[in-house]
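Lettered A, B, C, D, E and F in written order, each chain numbered from 1.
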């Protein structure tokens, strides 16, 4: 019924992220693009483990016993926490670069260094 | 059971007020009127759709007596309470920030608040 | 600068509830959705709420960076020690499950309403990871705020 | 049963639109707000795909903390993305 | 009896898409923040409705976390717009 | 010239990914196993976790029992990465602040 539409949405989101990483020059916008790619990968992992008519893999007061696959959810859980930590570190680098060079444009920073 | 009709009435009230809030957010001219429509009407409507869930839970508890339904009702009441606590504060902060950042109301001639603060 | 009085009063009123709810999520991690990561993130968001409602110079005495970093280290250390305790069989062995000790009740197979005294070593690990995530995500916010304050 | 499928299709269309908006604006504050709404709708999609653990993590981290970190970083740098 | 919950959730989703249009077209930043706040409330309502539709009682906890934490982002943006963090 | 080359390669990657998602061909595994939403490939590992997780680790939530019991090494690495990231961010910000004085 729902024929692979989540996978197509994931691919469009990841392509938007790759395009922004290649063509934009602002460093904060590149970090936003990295966040988008990470969200797309998380959505791909979770939708890969979905099973038609399944319920969440928790036995407390469950209505039935047909469950979705639990392993991709566990991997996604660790991925999200790592993602926010690396995002914070990259933004710290951005603030330090802005104070040192006075700009956030990637090309100008590369020109200033020489 | 007669509570079924009560659930339908609650859902109808909730959907109507949520829709009025969304249309008001889309159609009004400036920030303050949009805030007025969106925040108040949406909070009211969401409380009523949640009250339908509470009614459903207690009806099921009366019919088959499982304790899980009591848990559903109590947790929904906690969710309503936290929604009621946090939503007006956000609206207040947005209105204050909009006025401080220099957004004027549409077609306004006097601004008493700016005179008071000086 | 600090925000208006309404926001400060509400933050004071709401902060204990966020704390209690975060520890509820951590403690019931093996029965309901939730666990160490999620509960720690909820409490760290509570710290961010306090940091936004007040001026940074006023709350500098309460939110010390060294204290939060020490919290993070203690959490990581407790996690590793709990893992080492199962060394009789393997590194991450669940040695408390089905033993009758603390958190050691036998869970009935299949659908059940959920009993708190089960899970073996999982609630202890949930608590350790929750403390670690709380310290780590809280200290990042405090570091960035203090840097912005010093530079501007 | 048809409403369940329609729910998912509309949610995915909204996700794609917000992902495009998050890189389109010149105002970085608007980009951060779009990323916040993207996180909210992504959390609802996880909820529908029967993953409540991931939904709680995304609601706490993606919706609350990531927006706060971006706002602090934009305040530490400049607000407008300057082209050329 | 069960299907009415899905219908309600779908109509709430339509209202949410109207709010997304305001977030796209809002001329200033406070307009977009208002849209964000509206979407928060509607998402909490949809989550509570869907937990009954799936007949899973433990899903309500997600809605409580959402309602408690989602206004922190609003407060940060408001404080930035007031000037100074 | 360079921009056009980058755009063309990006387009090729996008088209091939869409082809894999839309066309239920033989991608990965044996021929005849499709990548279809809602019907994942049958693996023994997930069934083992679902059926034995409640006995072996005495928890109702299977995801928690995978994160902390079956795949504990992943969680250990994740905690180390979080610790290192926080340490790095703090180190960068603090060193520059001392530099200013």
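One rule holds for everything that comes next: a contact is a pair of C-beta atoms (placed from the backbone, for glycine too) under 8 Å apart; a residue touches a chain by one contact, two chains touch by 3 or more.
None of the values given here were measured: they were computed from a predicted structure.
S.K.: What are the mutual neighbours of subunit B and subunit E in this structure?
M.R.: C
S.K.: Expressed in steps between touching chains, what is the minimal separation of subunit C and subunit D?
M.R.: Graph distance in the chain contact network comes out at 1.
S.K.: Taking each chain's centre as the mean of its C-alpha atoms, which one ends up farthest from the centre of subunit C?
M.R.: B
S.K.: More C-beta contacts across A-D or across A-E?
M.R.: Per the contact counts, A-D leads.
S.K.: So, what's the distance in Å between the C-alpha centres of subunit C and subunit A?
M.R.: A distance of 23 Å separates the two centres.
S.K.: Could you give the separation in Å between the centres of subunit B and subunit C, each centre being the mean of its C-alpha atoms?
M.R.: Each chain's C-alpha centroid was found; their separation is 31 Å.
S.K.: Distance from the CA centroid of subunit A to that of subunit F, rounded to the nearest Å?
M.R.: 10
S.K.: Which subunit B residues reach two or more other chains?
M.R.: In subunit B, 68, 71, 82, 86, 89, 93, 96 touch at least two other chains.
S.K.: At which residue positions does subunit D touch at least two other chains?
M.R.: Answer for subunit D, listing residues that touch two or more other chains: 32, 50, 52-53, 55-57, 60-61, 64-65, 68-69, 72-76.
S.K.: Of all residues in subunit F, which are in touch with two or more distinct other chains?
M.R.: 54, 60-61, 63-64, 67, 75, 82, 85-86, 89, 93, 96
S.K.: Contact residues on subunit E for subunit D in the complex?
M.R.: Residue list for subunit E touching subunit D: 3, 6-7, 9-10, 13-14, 16-17, 20, 23-24, 29, 32-33, 35-36, 39-40, 43, 46-47, 50, 54, 58-59, 61-62, 65-66, 69-70, 72-73, 76-77, 80-81, 84-85.
S.K.: Of all residues in subunit C, which touch subunit B in the complex?
M.R.: Contact set of subunit C toward subunit B: 3-4, 6-7, 10, 13-14, 17, 113.
S.K.: Under the definition above, what is the set of subunit C residues touching subunit A in their complex?
M.R.: Listed in rising order, the residues of subunit C that touch subunit A are 31-33, 35, 37, 41, 110-114, 133, 136-137, 140, 143-144, 147-148, 151.
S.K.: Can you name the residues of subunit C that touch subunit F in the complex?
M.R.: 29-33, 35, 65, 69, 72-73, 76, 79-80, 83, 91-92, 94, 97-98, 104-107, 109-110, 112, 114, 118-122, 125-126, 129, 132-133, 136, 139-140, 143-144, 146-147, 150
S.K.: Which part of subunit C faces subunit E closely enough to touch in the complex?
M.R.: Subunit C reaches subunit E through residues 1, 3, 7, 14, 17-18, 21, 25, 32-34, 38, 42, 45, 48-49, 52-53, 145, 148.
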